[in-house]
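Working notes, beginning with the structure itself.
Chain IDs A, B, C and D follow the sequence of writing; residue 1 opens each chain.
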Amino acid sequence: MKKQLWAWMMACIMLPALLHAQAGKVSDNLTLPSKILKGDRKYAIYLPPDYESSSRSYPVLYLLHGAGDDQTGWVQFGEVLHIADKAIREGNATPMIIVMPDANTGRRGYANDIKGEWQYEDFFFKELIPFIEKTYRAKKEKRYRAVAGLSMGGEGTFTYALHHPELFAAACPLSAATGPLALEDATRWLKRRGQDSTVSDAQIKAWYERQSVLHMVNNMPEDQKKAVRWYIDCGDDDFLFEGNSLVHIAMRKKEIPHEFRIRDGGHSWGYWRTALPEVLAFVSASFHQF
Amino acid sequence: MKKQLWAWMMACIMLPALLHAQAGKVSDNLTLPSKILKGDRKYAIYLPPDYESSSRSYPVLYLLHGAGDDQTGWVQFGEVLHIADKAIREGNATPMIIVMPDANTGRRGYANDIKGEWQYEDFFFKELIPFIEKTYRAKKEKRYRAVAGLSMGGEGTFTYALHHPELFAAACPLSAATGPLALEDATRWLKRRGQDSTVSDAQIKAWYERQSVLHMVNNMPEDQKKAVRWYIDCGDDDFLFEGNSLVHIAMRKKEIPHEFRIRDGGHSWGYWRTALPEVLAFVSASFHQF
Amino acid sequence: MKKQLWAWMMACIMLPALLHAQAGKVSDNLTLPSKILKGDRKYAIYLPPDYESSSRSYPVLYLLHGAGDDQTGWVQFGEVLHIADKAIREGNATPMIIVMPDANTGRRGYANDIKGEWQYEDFFFKELIPFIEKTYRAKKEKRYRAVAGLSMGGEGTFTYALHHPELFAAACPLSAATGPLALEDATRWLKRRGQDSTVSDAQIKAWYERQSVLHMVNNMPEDQKKAVRWYIDCGDDDFLFEGNSLVHIAMRKKEIPHEFRIRDGGHSWGYWRTALPEVLAFVSASFHQF
Amino acid sequence: MKKQLWAWMMACIMLPALLHAQAGKVSDNLTLPSKILKGDRKYAIYLPPDYESSSRSYPVLYLLHGAGDDQTGWVQFGEVLHIADKAIREGNATPMIIVMPDANTGRRGYANDIKGEWQYEDFFFKELIPFIEKTYRAKKEKRYRAVAGLSMGGEGTFTYALHHPELFAAACPLSAATGPLALEDATRWLKRRGQDSTVSDAQIKAWYERQSVLHMVNNMPEDQKKAVRWYIDCGDDDFLFEGNSLVHIAMRKKEIPHEFRIRDGGHSWGYWRTALPEVLAFVSASFHQF
């Protein structure tokens, strides 16, 4: 009888701690200093439910927003808190840190500028990742790092993981822009954007080779084919249907393992909110070393 | 050994209940100072479950009570805490701040008085909204702000969103008073209320044009027709059936997009409590940018 | 005693599975002879699950199709078999006979023609109902007879129950056409349809007074107001929004008891299939004498 | 004890009758005579649960097997009885007749032979469809007829609906072969198959234009673009990935409405059994006239 009472008291004492322990925590307006981009950069972060009560380290997912949004996109429209908490609680995802950087302020996009004036990709690898891994209890090995993103952020996902397969265990481009399909497209795009005549053909070619997902897939070295686990998803009504379908075909022909999904829907947050649980489960499978 | 087992079983039994227990927070007797209304004004507020543990900003729903209630109405009769927590937990609503101001103390109503003596609407826009956005982690853009209310508060919802379509992403009048259907009604009402002879016909006309929902709908500029997402709901047994049905007809004829529902019921809290989950889902869809 | 108990338990365990297996019966291509319409007329019929195994009599629902369909509409598009079986099995509807006559072959519509050449309404009351009540085990009293229908069939529902409140316990117009809103409309319609000059103003007025639901509601004798139980339903995106909303307003002002619903949707079978379970429950409540 | 026995006997006696009423019926070894193919042809058929007890007519789905199977494939491997019964019982599909013809005996395939020796497509349209519509209570209009199939039967689905858009409301190719992607492929294939030199280039070209899904999609007349509702599904691990993805791209560019899915999986019955409920729901939506 006394033991029972004791158990009840324990439960009452533990209740607040337990309540605390079940919810992750989101901040959407943090900053880090950047020398490369000459100023402070914003980011949002999700910390898993047990982050504060434990002292372990966690895998990290970099989750990239699309054009027109900023670091708050996945928080407000993507419901990352609710969805990640649920996925972790139900055992479909492992607790992880989710980092959502702003690629909208100042200039927009995840790539290095062709003329070297806005080196966002350099910022990402040389400043953001080190900052995160220093500031939070983040695991630092490739096998605990993943990247995902939507639309323009899907393009970032493709290019980051293709440029640095040694850094990511998994990559999940959603409704992704896939860069120029051919060199001519790159040339035409850059001219349309009013690049002046100081951009040489060689520069355009170099840029094309770093930004065309199709080009990089078709020229992937044999030993990189299994370096990254891919999960690619694009709605059947999405305007980016062509690039994603061609990348699927190219990956199949090159025998690059990848998951590919075409579900019912278009280029909308309704699509991405239903994709996120799958992304979390997929990167967790990588982190779990199935 | 057996006792330990029992404690484990207890924990396993309680765990789902605990997980279930994430709760928002309601206060129903706060105040803000008002120069316009010459004194402190009361308000109630709902903060979502993750408000305290996180540091993100949130969309805001202004939720207006009816005649005879005050800022505590939606808390006590409307069960806003239970219903909002449940909607958020089940993924049907996004976490939001819900503000419930008192429009009952001193004088009653959400409108500016015809003679300029009681400018509640001015208070709402010039003092309440800025106060909320300064005091709480509230998002400040139109696309993250909504208004809803019942009966007299439905009238407030209609008029506020019609006067300021630039400020609200969504508006949900429930069982709403819709103001005078015709100018004659306005004149008759004002006389019945004992307005003295110093109120001119021009003043009555100006008041009518700001308070008649039908008048404003019928004279809505083309470029405002899609400015606000509308969700209008009024029971088939409600005494306010006529105004709401006529507004539906007028909006359809003017091709103003809107959701309209007539469900089974009258002018009662039972009706509004079953409306609230729909309202939260509808404004969340706006905040989610579907 | 124990054995009896055991048998009961067995029955209770098996009952849900057994109940699941009970199926009604539909025929969609039967005929009856008509002198009034000078030839055979088609009809479809639903007989409830226990019709063949029992020898009791049943209430009857006349269920009218819309313009463009025929007697097969509620069978193929409306899923009357599946929906009625389910409603009966789950106890939401009482077993009833559902009769679906063809008002599409030869000429279209449920009304008597203005010139007396095509008297469908006469056929309905003088030939169809007597035929059904003679051919099937149908109850013959008003309190066991109901009518429902969609669009043009909703108009038929309104007019039949307004012309013959002594014959129907309940009437359920869905997405109903409501006839001319004013006499001028009637005149204009009839001229547009190329009625020759032999149709007199008196004939038009008489036709208007029999076909305008608003007119009949506004002129309903006091002692008919509670003669029929009404369930009226029309989607907020339906093009027939005006007539239905005006009928609701008129019935409220005349204090004619009625249920009225505006749900989310337009003029489509998706709307009517979700209305049908409510219709079956509503007419069953009438047949049940709650 | 005797009472118990009696209860059991009752249950055993009633069970078959009750079960009978809820279950569809499959036959997998029926035949029809064919003059075109010079002999009897086999087919399997699914009749919905209410077929025998009712006397209504039903929509028809032609469901085609793949290479290596015959008319029994969808029955044995595809579980058509269980899946269709469940879909109908749960209201996800409308009761329909499902016809599964044998395209394996004698020679294999759904197309007319290039040399006119084996005209299976002619048999399908001139003999099979008329036979089915004469033998069973089948609706005969385009809007009640659909075609679906897997692999080689997906190719049959594509070509039949592209050749005869006037005959099918919906078409659902699963993991479909899509014929030659280019004229050169057609030439190479036919030579590989040992066609002798009597086949002219003109014959090859004509055959290509009737068998290449891409060619037909790219040359579809404007007025056929919305004639058929398409549901196309092919796993991300399927070896037929290229043709299906290219057809999706071509249909998007030609603005031909279609649903397209790429789910997780390969060329296997596990994939097709999970596709079948979607196919039944999709063709039912067509039959239902949403």
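Here, contacts are C-beta pairs under 8 Å (C-beta built on N, C-alpha and C of every residue); 3 or more make two chains touch, one makes a residue touch a chain.
Quick caveat, the model's predicted, so the values are computed rather than measured.
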| item | value |
| --- | --- |
| Copy pair chain A, chain B: interface residue numbering same or different (half cut) | different |
| Mean-CA-position distance for chain C and chain A (Å) | 57 |
| Averaged-CA centre spacing for the pair chain B and chain A, given as whole angstrom | 37 |
| Cα-centroid distance, chain B relative to chain C, in whole angstrom | 40 |
| Between chain D and chain B, distance of the C-alpha-averaged centres to the nearest whole Å | 53 |
| Sites on chain B at which at least two other chains make contact | none |
| Those chain pairs that satisfy the touch definition | A-B, A-D, B-C, C-D |
| Residues of chain B touching chain C in the complex | 236, 241-242, 245-246, 248-249, 252-253, 258-264 |
| In the complex with chain D, residue positions of chain C that touch it | 3-4, 6-7, 10-11, 14, 18, 20-23, 25-30, 44, 72, 75-77, 79, 81-83, 86, 268-270, 273 |
| Residues on chain D engaged by chain C in the complex (per definition of touch) | 1, 3-4, 7-8, 11, 14-15, 18-22, 49-50, 53-57, 59, 88, 91, 94-95, 139, 144, 287-290 |
